[in-house]
Amino acid sequence: MKKKVITLGEVMMRLSTVGHERFLQADQFNIVYGGAEANVAVSLAQWGLDTYHVTAFPDHDLSRAAIQYLRQVGVKTDYVYQSEGRLGLYFLENGAMQRASKIIYDRFDSAFAKFDASQVDWDSVFDGADWFHWTGITPALSQSAADMTLAALKVASSKGLMISGDINYRRNLWQYGKGPLEVMPELIRYTSIIVAGLADFENCMDIQADDYEQACIQAKKDFPQIKYITTTERDSISASENGLSGLLWNGQVLLSSKKYQMTHIVDRVGGGDAYMAGLIYGLLHLSDQDALEFGVAASVLKHSILGDANLVSLEEVKSLVRGEHVGKLLR
Amino acid sequence: MKKKVITLGEVMMRLSTVGHERFLQADQFNIVYGGAEANVAVSLAQWGLDTYHVTAFPDHDLSRAAIQYLRQVGVKTDYVYQSEGRLGLYFLENGAMQRASKIIYDRFDSAFAKFDASQVDWDSVFDGADWFHWTGITPALSQSAADMTLAALKVASSKGLMISGDINYRRNLWQYGKGPLEVMPELIRYTSIIVAGLADFENCMDIQADDYEQACIQAKKDFPQIKYITTTERDSISASENGLSGLLWNGQVLLSSKKYQMTHIVDRVGGGDAYMAGLIYGLLHLSDQDALEFGVAASVLKHSILGDANLVSLEEVKSLVRGEHVGKLLR
Amino acid sequence: MKKKVITLGEVMMRLSTVGHERFLQADQFNIVYGGAEANVAVSLAQWGLDTYHVTAFPDHDLSRAAIQYLRQVGVKTDYVYQSEGRLGLYFLENGAMQRASKIIYDRFDSAFAKFDASQVDWDSVFDGADWFHWTGITPALSQSAADMTLAALKVASSKGLMISGDINYRRNLWQYGKGPLEVMPELIRYTSIIVAGLADFENCMDIQADDYEQACIQAKKDFPQIKYITTTERDSISASENGLSGLLWNGQVLLSSKKYQMTHIVDRVGGGDAYMAGLIYGLLHLSDQDALEFGVAASVLKHSILGDANLVSLEEVKSLVRGEHVGKLLR
Amino acid sequence: MKKKVITLGEVMMRLSTVGHERFLQADQFNIVYGGAEANVAVSLAQWGLDTYHVTAFPDHDLSRAAIQYLRQVGVKTDYVYQSEGRLGLYFLENGAMQRASKIIYDRFDSAFAKFDASQVDWDSVFDGADWFHWTGITPALSQSAADMTLAALKVASSKGLMISGDINYRRNLWQYGKGPLEVMPELIRYTSIIVAGLADFENCMDIQADDYEQACIQAKKDFPQIKYITTTERDSISASENGLSGLLWNGQVLLSSKKYQMTHIVDRVGGGDAYMAGLIYGLLHLSDQDALEFGVAASVLKHSILGDANLVSLEEVKSLVRGEHVGKLLR
Amino acid sequence: MKKKVITLGEVMMRLSTVGHERFLQADQFNIVYGGAEANVAVSLAQWGLDTYHVTAFPDHDLSRAAIQYLRQVGVKTDYVYQSEGRLGLYFLENGAMQRASKIIYDRFDSAFAKFDASQVDWDSVFDGADWFHWTGITPALSQSAADMTLAALKVASSKGLMISGDINYRRNLWQYGKGPLEVMPELIRYTSIIVAGLADFENCMDIQADDYEQACIQAKKDFPQIKYITTTERDSISASENGLSGLLWNGQVLLSSKKYQMTHIVDRVGGGDAYMAGLIYGLLHLSDQDALEFGVAASVLKHSILGDANLVSLEEVKSLVRGEHVGKLLR
Amino acid sequence: MKKKVITLGEVMMRLSTVGHERFLQADQFNIVYGGAEANVAVSLAQWGLDTYHVTAFPDHDLSRAAIQYLRQVGVKTDYVYQSEGRLGLYFLENGAMQRASKIIYDRFDSAFAKFDASQVDWDSVFDGADWFHWTGITPALSQSAADMTLAALKVASSKGLMISGDINYRRNLWQYGKGPLEVMPELIRYTSIIVAGLADFENCMDIQADDYEQACIQAKKDFPQIKYITTTERDSISASENGLSGLLWNGQVLLSSKKYQMTHIVDRVGGGDAYMAGLIYGLLHLSDQDALEFGVAASVLKHSILGDANLVSLEEVKSLVRGEHVGKLLR
């Protein structure tokens, strides 16, 4: 039977310059829609899972375009709500060579951040679901978004779903009067799969460590419900060339993946979300090591695709894991 | 000697769909920068006047792109300030045939709306200037923007500048707790050239009239400093076909212009601003009737140009007034 | 409660030249997906009806793109099947002025034409449905497509659905060995709303008449289950300018609609399908005359939109019927 | 047997702004290649005539692109020579509504203007040919171009070809020290079909007349070899709307064509050349009146096509003459 | 004297996604025309050879565009025929990084596959020609195409032309009831230059070998008229990075070329055809080793050019062979 | 206080093919404006210096577009003059992989080359300025341009400005009757910072040397006012991959910079100008070694930006020098 996955988070309009143009040169933007959690949902929908994204939008045609996009890529929109506020935006300037990529966020006061989730019937949302995925971006947006995350987590947990959380600490969010240490630990307490780098451990779990495995062991002590902790490691040689690999701590050992050399990167935004989706797919269907490899291969393929979303098939990820068809011409 | 003109107002990024695409179809936006008052400045700069636009932006590359744009089209940016807040945006879907054009504004909490103008030395801004132009959009944005408008008007008036105000009542603005009748009359009191339609008279001056000339006469009674009242009249046959003419009441008679039939409209946004700029140019250099004709002809040409700004030369407007070269191929 | 509508037909990839380029000049095509019946479904989905399109595709990524498109615009794809064969295509050269538009079809041997519908459980498809719409294109494609149409009609009829059929005779189809008079009458016999022009009456119902009302009366005699017969009347002044109005015979009188003058046409393909959808919506919710007016107004708006589909809202059609906002700038 | 036609003239690269952009807004140009005489050749090649264009280019890849273009559209390039100098250019800003179109020429010192035609074996060029077409642009470019025209005319005339000349007086040419009256009469003396408006009569034949027929009669007196004189009459309502008709004086009567109303003009450049080509085709194959109608209809269709060249088929022109398929959708 | 080369094969419309877009993202296709044999002809035409391509098209404007393309790039179209059937198509999704490129063919029932070549006068086609090139794609399409290939080979052989055949086995063709081993050996028997990889040897010549040289020796035994056997070797590091070198067995030794590292690949389609063309040019004008190096260098340059065709000059290939100007800026 | 810099030179329109298209494929050009000296001015304006560019243009809208561009990117246009002549052009075909980039110049008889500078008041131009930059391109254009350069140098030198000259010998210029050795030495005599490679030493200073340091020592002997000599060293692995480093001889030692590996080059045109601007900035504000590193880092970043101009901020160059943010995603 198809696995059912619920994701929760803001969907923004992304406005990116064309090719390698700078903001200062742009007279046109390409538009796609995305968000860390919705990107995960899109990946999973590509791979045949039954995915629902919970979010809120203002009432206008650009929101309708965003909803259309979710439907188009196979994400169910039964739990998309209408709310007062703006459509969150972000502007992307795609770097090249030694020149870094740049994002200008314009997401404050969004309909999602202002959304009053009391109208959501979480019991119904999570009914029959296998997995719930959230990220640290949502509780960083507003008190109501943090409250909504907690409410969702309580119900999801009580219904026995697998719960993953991408800590994803961002200094430029958290503007509503609370800091991550006041909010995140309680949310993490309901979460069994954690995506976290060393800075996330420090900022959101108050765990200082120089060594990733030590950080994981400490996290498990502080949050005993945790089953997996994971992160990707990225070498930024240039905006066009990165190395990528992944680490997965499963409570016993720290597994590490094959390392991929990625040159001629098309679009690195959403690479982490593609990894997360791959890991969720993997943990639902594969062994730990294979789940990790699946996640990293999925992320590598994402870097070849314009936009936030990883529009690749299950078979394409599996082929890359097996090292087949790499860069060939398939007729 | 070149006339010096000061304009004050927000500059937004305009994101418009390509060709006749709907918002629901768009995967690309064309970007230009504009605002009712800046559009007037751009027109006047094209015609050789010394124009300065007073505004404020947040500190990022898209604002720098907006400032670059103003410089590019010849507007002086000496009085462009930096302020906390967003860059105001608006989204435009260009209509066609019987289908209307649509604008979605996303301008709340902009750096301009939040700008504290106490740092502006208005004496220096208006030094040697001949004309100051403002619109009813600015006081509709925020208390601080209304205060800034008043402060500017007081200094401009004390220095003897000609002052024009485009009433431009918009119901979806005015969200900061005051209504237009609490704010506009005081601002109008410093203004000698008023752009107003019958709805503006009612909403911003509390003047009810069915007849334009009667409204003007009443306005003059209530605001005796007024010298000119003007408006354009537009027949909307379709998004692609309009009729356009202008009315100018000069305290004595109601002058009316030639009526132009405009088919194959390229972009009607900024048509009113082009008229206003033409009228300012005209009142500075021509007779009343010629000023009116110049303004309407300028506005007609604007409808043939993509973007907010009227990138036409003095000679092109004069040719149209004379009925020369209309639609020809000039080698 | 939402009305549920079922449509049946082929979905093709449409490849159209950019702007007004000729085939001989093209080095790029714009791609959309469409088909006479799916276009009706898309319209109805925009207006909030529960619409399902029954069709078949080959198994490749371009078919998936077509399915994605249906989902994006709100059409349910539960009854989209996979079949051997090609994806049907058509190439469109958009005319201008006196130069006609041109279509080159490349749809033979499509997966839809070769689809063996015995796997379709029509009882389940039509369960709870209110309306079934088919066109004369499907039975013109192949024997199996004609058989499928008949099978669907029998079940739909037995379950008491309203059934509409757009006769849509096309001489360049009907290549599989049968002529329309061998096939169409039996299908029409299950159909209560017929779209037919005088040529359709002749070619598909063997009814010769010079007068539309006489043709309707004769059709009713031959096919007594018919409740409505309708057609649009189009004046082709040029590729850019048409007049459009509609006729609806309701068994008693021949109603005629307001006539619209359409200049600056953006894309006329799908104009008839937009009319059909409008009429279905109208007959489900409005009086006969209002249904006719709704259909014609919907069709007019379609001509302002690039692509096969009429991406307009219910409110936009209603506004045009009321003569409101025509060609305005809505802020 | 196919008629063989020789044309002589410069081929320029045309750089036009996209859509209705102004030069001041352009960051992209569309490129096509064209020239008054080559445009005639292209039309005739579309209609199946054996057409050779005589010209000269500098030795670089952009010239090769121009030659490729001629071959692509069916013009024979056997008599294309290489010469020192530049590739002539012209920049086009496409007008809209009341705003005129603008051309900036950049053609001085071109390889064609500097071409030493002594290497051309005119006997071979004209061998077996039926028609030679030249325009007044060539002798206006340089002494060598004027000399070449005369040399060509002498041979063409001696071999009994039909010879047409489009007088096409342009004030901004003729910079090499001679005026048109010093050069043109001798060339006209070899020419039996003349395209000339009243200004051309005055500037190039020293004939003053207010009435077209009187001018023709006088021209015939001065240049008795003339058989036909022709011109088009254009009403410029706007850049998007023109009226077009033609006049043909055949030595006996002044024939006039049907008048076409052209709205939604796509590109008017080359409209006169399309007429000329149509007339040549017509005079080779049709009666005088039919030739005139064919020429005007060909010119009308040209206005619907982007670029200098009239990429329409013989059948399309004939259909328009017959009033068939006007603005229809041909499936 | 110019060498004259005849090629025979289908020309398809290629529809490729823009940049690195996936099929699932595409709303636009770039169009070029190409085919394995026509691509060879285009290369040779660029290098000044007299090249004729024999093929057949249906009768519509897209076919005319294909013919125009051949003429544009210098290929003679004297032996292009009209036939019933479709225009063959293929869709290309350009890969990036580890993501493979994908082709969806849509070429069944094409006019070329259905073409009855009995109307071709092969004696006249091959008159005065030096070389005939065919590929294994043609006999894979249909019985009539296989028959045509044999008929052409017989005449070409009898007239003493050099004959090259690119075996090019493709499993997804060969759908008309015969397998390659029933058809290819007889065709190969007329061919003196064979392009074949180990899989081609096995599938089309029934030669099993692990070693390329051994396969060649065996092929020579079975097909004693063979003079040269050749192949390219490609390392697919990613869709953006390949290594390329070539092997040429001349009956005595197996020559191998310089190996090129190709990064930043623009378009790899047609790379093999560019090699073949280079080898033909080389064997006509150079020593064996130089011919091989010319072929490989030509193929490398092809990878930098969008489209099927290798639009490079003779001098550019020679420079690369000499290692000059590699990646420089030539002013 | 802001440093004031004066640059002198021609500004051309650059017409470049889109992406990696060849000239033979192009039907569109991207347009930017640039020139070796103006490019330096643009860089310095980005970094906050007060920069004025001295140049001349013909009187038309494309020149106005060029002037607008200079204003847009912050260069002051107070000393832009109008002159008879053309707008200089150059066409750019961007290479890829092993295929070289190509420039076709079309700049003869430009308004700048024909400009009579006697109207320039150099005293006023250089008033308060810190630096004057010229290149060897200007004196190569025409006698009047060489005279203007000398006149400017005399005044700049007398006012004590730092003077830099980029020797930039180009064989295809120098067509007006003088050679570089007749003109350049006198100009170099006023110049204290020289950009020269070994070929420049030989062609413009008559210095033969195999070793860069020896050339510098000899140059200092011949031109004792020289303080710095500099050059960049470029490894051209392919059009997409270069190595870049710089050398700076400060009269005592030959400093060398870090070497950067540049892959995925976007646009290498203007790389040398970006270096020059970086060096000027550096010598005005930093130590010799830091100035060199700043110049090379600035040049590296230029290669990631489309167009002639280096639109990067001071902070971006400094970050690259420090090795920070290289190729990251900055949020």
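When the chains are written out, they are named A, B, C, D, E and F in that same order, and each has its own residue count from 1.
Methods note: a residue touches a chain if its C-beta (ideal position, glycine included) is under 8 Å from a C-beta of that chain, and two chains touch if they have at least 3 such contacts.
The structure presented is a predicted model; accordingly, all values stated were derived computationally and were not measured.
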item: Chains touching both chain A and chain C, listed by label; value: B, E
item: Chain pair with more C-beta contacts, D-F versus B-D; value: B-D
item: Self-contact between copies chain C and chain D, residue sets same or different by half; value: different
item: Greatest separation from chain B - chain, by CA centre; value: E
item: Chain pair equivalent in interface to B-C, over half of contacts matched, among A-C, D-F or A-F; value: A-F
item: Chain A on chain F, rotation in degrees - Cα superposition, rounded to nearest 5; value: 120
item: Rounded Å distance, chain E centre to chain F centre (Cα mean); value: 46
item: Inter-chain centre distance, chain D versus chain E - centres from mean C-alpha coordinates, in Å; value: 41
item: Length of the line joining the C-alpha centres of chain C and chain F, rounded to whole Å; value: 62
item: Multi-chain contact sites of chain A, meaning residues that touch two or more partners; value: 22, 24, 27, 68, 102, 263-264
item: Those chain pairs that satisfy the touch definition; value: A-B, A-C, A-E, A-F, B-C, B-D, B-F, C-D, C-E, D-E, D-F, E-F
item: Chain F to chain B touching residues, read off their complex; value: 68-69, 71-74
item: For the chain F and chain E complex, residues of the former touching the latter; value: 19-22, 24-25, 95-103, 105, 170, 172, 236-242, 263-264, 268-269
item: Residue numbers on chain B that touch chain D, as the complex places them; value: 260, 262-266, 300-301, 303-307, 311-312, 316, 320, 325-331
item: Residues of chain C defined as touching chain E within the complex; value: 15, 22-24, 26-32, 60-62, 64-65, 68, 86-87, 89, 91, 93, 102, 104, 106, 108-109
